[in-house]
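Just passing along the structure, written as structure tokens.
Think of it as A, B and C in the order they're written, each chain with its own count starting at 1.
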């Protein structure tokens, strides 16, 4: 089995586009939340989200035409373009069919679906624009990356909702470990959309202004968007080209609650952590930092923390949620978590949970790294991702030994 | 008299549909969660349908109390007061 | 060789529910020999493998009962009288969308067909992966529509919110059948079944699970029917769920006596921009799969393609170029309409439904291609001792 390392990072986020801006955002505990501009939110009681208003696809993309691809595909392609640049890899040195893409998503080309739906309401089904209908398939998220970077290897979109980036990183890791590929771009993308905003509001899971995970008074998520892609390659390939290596993907674990479409399940999440540790050949005490799913809903944070207590006992590492800064970026969320975790290892700091004011008496023993980033030596990061459908996925990332 | 209020029959119909029951399976005091395996999504959906059907607005904060058909009926009566 | 075998399956298709319905439908459609256009016989290929023999296109049925909205055409390929309650009862099913219902029923029937009893001792080692184009286009679009037409945009139905997420069918299949292992959704449209086959095979080969339900689903809806019509697709809209139980051949607890087929090799590649780059990608996939399967390409006597158009050889021609001969071709869209993600699953089911004739088993090549340039192939050996007669 090949060892697999992270050598390029491509965040397109509300707190920064590109690895340097994103790192600064995490260190400063920046908030990317702003009033919604991508749709008319005036009829909603809550009107904030983690949009990426500074995203200018034409400034980042070289090959794909933004007019022919949806916003989520553009996020994915731009993030992959940034990851490639960050890696210093000369694509000409890689056999094209040995380089592939796996992109995770919750809602795919949601903005396009909303546009054709508005046309339906306006003019009936026959009024839908055929060019937009061709942009609807979710598979185009991975295809946007493959087209942008001219990659001839696998081009896979995994739609396992809000843990989809961890699925993508895990599958890409397998592809590299088994020798199917030399280089893989993996992560996720999603766009802020009206239907998710409405749905989360209706569930009572959407907060008004600030997401405050693990706080006593936490009251829900804010939706977010962006693209988060990591460039992974085999250790051998990275060393051969003299690459700067950020960290190693140690392994991952997946399981399914098989219980409820939206409610998290403590025992199942704990089982997923144990599976991830086993697959990565580590023990709980090896974990220095948990990049939490940490949505900021009362239920998720409580269940996630209890599962962590179950697995880690009295040695619970610091647990923070970057969703406090960028909102819940859905299918991209665990991709941003993986990037943050990689940066934590590479630069020796813990990203904070911002908007945190009061400890939750039910979560005694949990250190959420409140409000301010902290210097720390980080060798192993556990990156949590949970989702509707009970799709749990956890990736372990470690310093290269 | 809840038995004769035509709204009771309508409520029974609405709640039974959301809880995936035949209307006659639903008793006035059967607990939605305990007896009919309802989850919070179903509870919110019942609330949403009441709001739509009776043109009332029951605040989401009352959700925990709406745990059986009788309680739902009482809430509808309470929030309909002064309307129509 | 992947070491992964198929031990049971089911489809819910216009032909009905279950393998017998599919086998009957495939058998009753008369076959006609069609000489391919000159362009389909690539340079250097011999025609020794036989001319393509395919069924005549099945007649579409009246689908107006499936939509309150006007449809572009009154007919399509759908299982119009499908009623999820007849199969699973009312409890837990009344908020399923059609795609979820088709998939959950097919998963249950595939488990039965494979004689797998799910219990607390094995549920953590059994998973499911389903392919789709975008989940339920109808559920998602209708949810958005509600936010546009309601007085208050947030008065949407909370119970239906999970249906807007593409992993709904796989998540509900896990809930219904108690599957706690790897649960995944692959959203690559026409490639999705073969990508799901690859994903599921990998999950088993890497030891994350012992067995996987692998399948794909598309529902009939006005949204898909109008997409077919407005984008100028030549074949009527179809719907289906096709699900297979895969397990490692050496796991006797899962495999039992029922071995129906072996997944010999899978390959995928991308031709950026489509066109000739995708032709090359597909040819490369077939070449690689033949090598991995360790077979003589002459043994491949039939190619199941996802092609829909009468003149379309986008998959067949590159496949023949790689094989070096022209085997028979089967386009399942002629039987089941345009089923997008489910196409590959219907192809595999149609292959397995045909009674075996050769004692050594038969080989099939399955191909798929997306408009943007995605390609995927599988080589499957159908074993002669596990055909319909076994059941």
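FYI, a residue touches a chain if its C-beta (ideal position, glycine included) is under 8 Å from a C-beta of that chain, and two chains touch if they have at least 3 such contacts.
The chain lineup, named per UniProt: A, C = 3-oxoacyl-[acyl-carrier-protein] synthase II; B = Acyl carrier protein.
Keep in mind it's a predicted model, so treat the numbers as computed, not measured.
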Most distant chain from chain A, judged by the mean position of its C-alpha atoms: B
Selected pair, greater C-beta contact count between A-C and B-C: A-C
Inter-centroid spacing, chain B versus chain A (mean Cα positions, whole Å): 39
Separation of mean Cα positions, chain C and chain B [Å, integer]: 42
Between chain A and chain C, centroid-to-centroid distance (C-alpha), Å: 29
Chain B, residues touching no fewer than two other chains: 41, 44, 48
Where chain C touches two or more other chains at once, by residue number: 155, 157-158, 161
Residues within chain A bordering two or more other chains: 202-203, 260-262
Touch list for chain A against partner chain C, complex: 43-45, 97, 100-101, 105-110, 113-114, 116-118, 120-121, 124-126, 128, 130, 133-134, 136-140, 142-143, 146-147, 150-161, 167, 171, 174, 178, 193-196, 198-203, 253-262, 268, 271, 279, 387-391
Of all residues in chain C, those that touch chain A in their complex: 69-70, 72, 123-124, 127-128, 132-135, 137, 140-141, 143-149, 152-158, 161-162, 164-168, 170-172, 174-175, 177-189, 191-192, 195, 199, 202, 206, 208, 222-223, 226-227, 230-232, 268-273, 277, 281, 284, 370-374
Complex contacts: residues of chain B adjacent to chain A: 39-41, 44, 48, 60
Residues on chain A engaged by chain B in the complex (per definition of touch): 202-204, 260-263
Chain B residues within the chain C interface of the complex: 17-18, 20, 41-42, 44-45, 48, 51-52
